[in-house]
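Chain nomenclature is as follows: A, B, C and D, assigned in order of appearance, with residue numbering initiated at 1 for each chain independently.
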Amino acid sequence: MPEEWIDAPALKAVAGSLAARFGEAILETTFEKKELAVRVRAEDVLPVLGHLKSELGFNALDDMIGLDRFPPPGDERKRFAVLYQLYKFPEALRVRVAVDVGEGEAIPSIVGLYRSADWAEREIFDMFGLRFLGHPDLRRIYLPDEFAGHPLRKDFPLEG
Amino acid sequence: MAFQEIALNMGPQHPSTHGVLRLKLNVDNEVVRSLEPVIGYLHRGMEKLWESQTYVQIIPLTDRLDYLAALSNNLAYVLAVEKLMGLEIPKRAQYLRVILVELQRLASHLAWLGFMANDVGAMTVLLYSFEDREEILDIFEAYVGARLTVHGMRIGGVPFDLDDPVIGMIRKALDDIPKRIADIEKLLNDNRIWLHRTQGVGAISRDDALAFGLTGPALRATGVAWDIRRDIPYSSYEDFEFDVPVRRNGDVNDRYLVRMEEIRQSLRIVRQALDRLPAGEHLVKVPRVLKIPPGEVFHTIEAPKGELGFYIKSNGTDKPERVKMKSPSFINLQSLERMSKGDLFSDVVGILGSLDIVLGEIDK
Amino acid sequence: MTGLTLLFDVLIPGLKIGAVILYPMVMVIVLIWMERRVVAFIQGRIGPNRVGFQGLLQPIADATKLFFKEDIIPRQADQFFFNLAPVLVMVSSLLAFSFIPLGEPFEIKGYAIELWIAQSPVGLLLVLGLSSIGVFGIIFGGWASNSKYPLMGALRAVVQILSYEIPLGMTALTVVFFSRSMDLVAIVNNQKDARVWFGFLLPASFLVFWISGIAETNRAPFDLPEAESELVAGYHTEYSGMKFAFFYIAEYAHMVLVSSLVVILFFGGWLPPFPNVKALAFLHALPGFAWYLIKIMFFLYLYIWIRGTLPRYRFDVLIKLVWKWLVPLSVLNFVIVALAWYLL
Amino acid sequence: MKSLQEIFQKVFLLDILQGLLVTLKHYFSPKVTIQYPEKVKEPAARFRGLLRLFRDERGEPLCIACKSCQRICPTHCFDIEGARPEGSKVLKPTKFDWTLDRCSFCGLCTEVCPTFAIRFSREFRMSLLGKGPLLFHLEDMYTEGEALQDRLCGGCLK
């Protein structure tokens, strides 16, 4: 559903296009501090990002951000979230796609779409323990392989 | 008889890995067959640490990320927090920030120039460029009080106002730097050995560069005119005139030329900012215990190494729920394999140098 | 046997042998000091200036430190060759000095004292041959370390030194055309008779010889075998203490040797400039050894100056340079000189 | 097609000569090295050196043990306790421990101090032989200059 209160016409068009194309899959669209953020179902992340890339021209992945909402806020929202910060050259548009992931769940890898997601997904795996299906080489990136635990989880002990 | 492929560990202790980086190489005699960067030797868990620090306490910690461009990290973080708070900054403070950050860009580029030339074997350039850098660090020392981990931004502005002696130092540096840069260019630009070592080495195409998410000078060397200062202006960059240098080949030499031109443009911006410095406050008062209502924000700036971003999620307390840093070196290092596969072992050193990575920023 | 003959037949040769071992050592000390100071001056620094007068004793302090350092032999190394390598490198570069004439002979009470140990009709060949034995030391050192960086350094060194031998030899031969002798003393004397230093007759030969000479000594911009930003320290990465010092000293002694060769072949050895011009006869007031020293100092300075200025070549470009440019150039030069000699 | 000038440049090594001239020029230029122990480059007025406590003109400590610095310090360097002496309106510090090895010289403490009691000195010489002198107590926070050096590096052979 295109939101009337988006005051940037280009981002409004993006939100509209996503809503028209995916409808139900878009769980939430927010526009705060001039930033467009959409929340989608985990199984729809590949089609949504593919649409954003090929149809709407978001040709670069700025960053991937892992979030831990510990303790889990409720039934509807799961514990973890992965945010994809996308970017469009040269119009300077940004959109943030959020995906909720539960404990022990896996989400599809987007390395095929955005090559730069390779290390970013490894970092999230390292720090949060989220698995990405189809990632070519999902190993820890910062910490040694034998390290136990995932430090950016909120329940990771701060003192040994 | 074919030479057997051998596995070569470059680093973590090696003269030219810019910190503690390890490259796992497979070399066939001198030709690189595969390469894998191994990072994490400098991982300090910054993002975890930030979750237990207040917003104000995080600023000095950002100094330690890209320690060659501490002020750029400060600015990126501070701008993100201010965006989250919806805080307006006085014009004078914005101009002072631009002066500081552009001087920092000069310092970072000059340090890069020295290390890069040293990697390629021209050791004298390092000392020449460090003479310039020293002048800039002296300015930081006189203005803010420290040279490397400057901690020169506060939420709401800059900690000190710019006074006349410091303006004099900056103006002197603006006059001195172009002279020594000209000497360095005489040493390198036409030199046949330098051209052999840089032209056509480590080239990456425009499409690959975009796919790998390259930013900053590495991207501009491939022909993409993308500069956040110009395209999404922050901190009053729209007030200044400057060019965005672009080259086509995407090789080491183009990255070098782009950065040399950026040095000139930065000098130009600093000069304009000094000439047009508006009157006003340099710091707005913010509450001592800074509590930010829940929200999330992602803000990027054009740091010397590329696009530096901060994602901040607040939860209403005085400490952030999550701070994620998008570091340009992390992204740029990822493409090292694509750039150096099939090149000679010696070139890996040059390509690594040309990417301008800082391990403090990669490992966080 | 009178005391005098004993003095001149036994003691003087003995002293000369001692001097020929000592002379490169002193030169190396001066050279190491000079290199550090000159490079520092080029870079806007001061350099070592605390130990002794203007830091002149710094190399001795360094050597003392190296002498007392633990001698580490890696467990996986081949002990015999690992120990042999530095000795070989050192001996080969010192031995060659016995053929280098340092100055004109002079007489004391009817006895001619020559400032060289051995004079051979094929002195040039012997010096070139002896100095290339050093490459075996580098191979042994790199191979016996049983480690990857030294091995790569040794491989580079072999290819580089063998390739650059060719233009080196070809250009040295053009000098032999003029001097009609391979005796280094005769070459110098010939330049006296020819009234001009060969370097001015054969500028192309000199240039190619000098470039190849830099490459032979593994100096910048051809210092690939020990390129520190790539190979850490090349073939002597695993060496420490006195053995490392041997490699270090040998490299500098080799620089002195190549500079001496250039001076002897192309710039008249111990001769002052224009030795036959009457108006410049006062230049003979300085002894020949002093002229020789001044000249090699110039070339040693050039070594350091070049090192302070240029970036390092890459391996493929280095090999391309020698096989596509220097070898054809030296052959062409050789043919032209031969034709000119034949026709004129 | 290479221009004639380029060929000329390649054949006569002009690019190399140009570089050699630059380095020769610098060889005869003044040097920038400062010979340290004899000559000292004075730190700037705002230089963030060692932290010091200051007294007012009557010799009373300025510090009122409000612990603002302790709260804002990102690295938790301070351990401060205060007590109110008889007849005084304000607190006086009874314990002021500052751990130098934790300090990152960020300057947040000097900015929050309401009485400007804690300020940076320009002392940058911090070489020491053991970890002991890294912990400063209340009385150590007032020492300065050579007395401070004596305290830091007791093992120096002067």
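Assume contacts are C-beta pairs under 8 Å (C-beta built on N, C-alpha and C of every residue); 3 or more make two chains touch, one makes a residue touch a chain.
These numbers were taken from a predicted model, which means no experiment stands behind them.
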| item | value |
| --- | --- |
| Of C-D and B-D, pair with higher C-beta contact tally | B-D |
| CA centroid of subunit B to CA centroid of subunit D, Å | 25 |
| Interchain centroid distance [CA atoms averaged], subunit C/subunit D, Å | 49 |
| Intercentroid distance (Cα basis), subunit D paired with subunit A, Å | 43 |
| Residues of subunit B touching at least two other chains | 124, 128, 131, 187, 191 |
| Numbers and ranges of subunit D residues touching at least 2 other chains | 16, 19, 22-23, 26, 32 |
| Per-residue overlap in subunit A, given as positions that touch at least 2 other chains | none |
| In contact (per the touch rule at the top): chain pairs | A-B, B-C, B-D, C-D |
| Residue ranges of subunit D touching subunit B (in the complex, touch as defined) | 9-10, 14-16, 18-19, 22-23, 25-26, 32, 43-48, 72-74, 104-108, 111-112, 120 |
| Contacting residues of subunit C [partner subunit B, same complex] | 39, 42-45, 148-149, 152, 155, 220-221, 223-224, 227-230, 232, 308-317 |
| Residue ranges of subunit C in contact with subunit D within the complex | 38, 41-46, 305-306, 308-310 |
| Subunit C partner contacts - residues on subunit D that touch it in the complex | 16, 19-20, 22-24, 26-27, 29, 31-33, 35 |
| Subunit C-touching residues of subunit B, taken from the complex the two chains share | 6, 8, 14-16, 29-30, 117-124, 126-128, 131, 187-188, 191, 193-194, 196-197, 344-347, 349 |
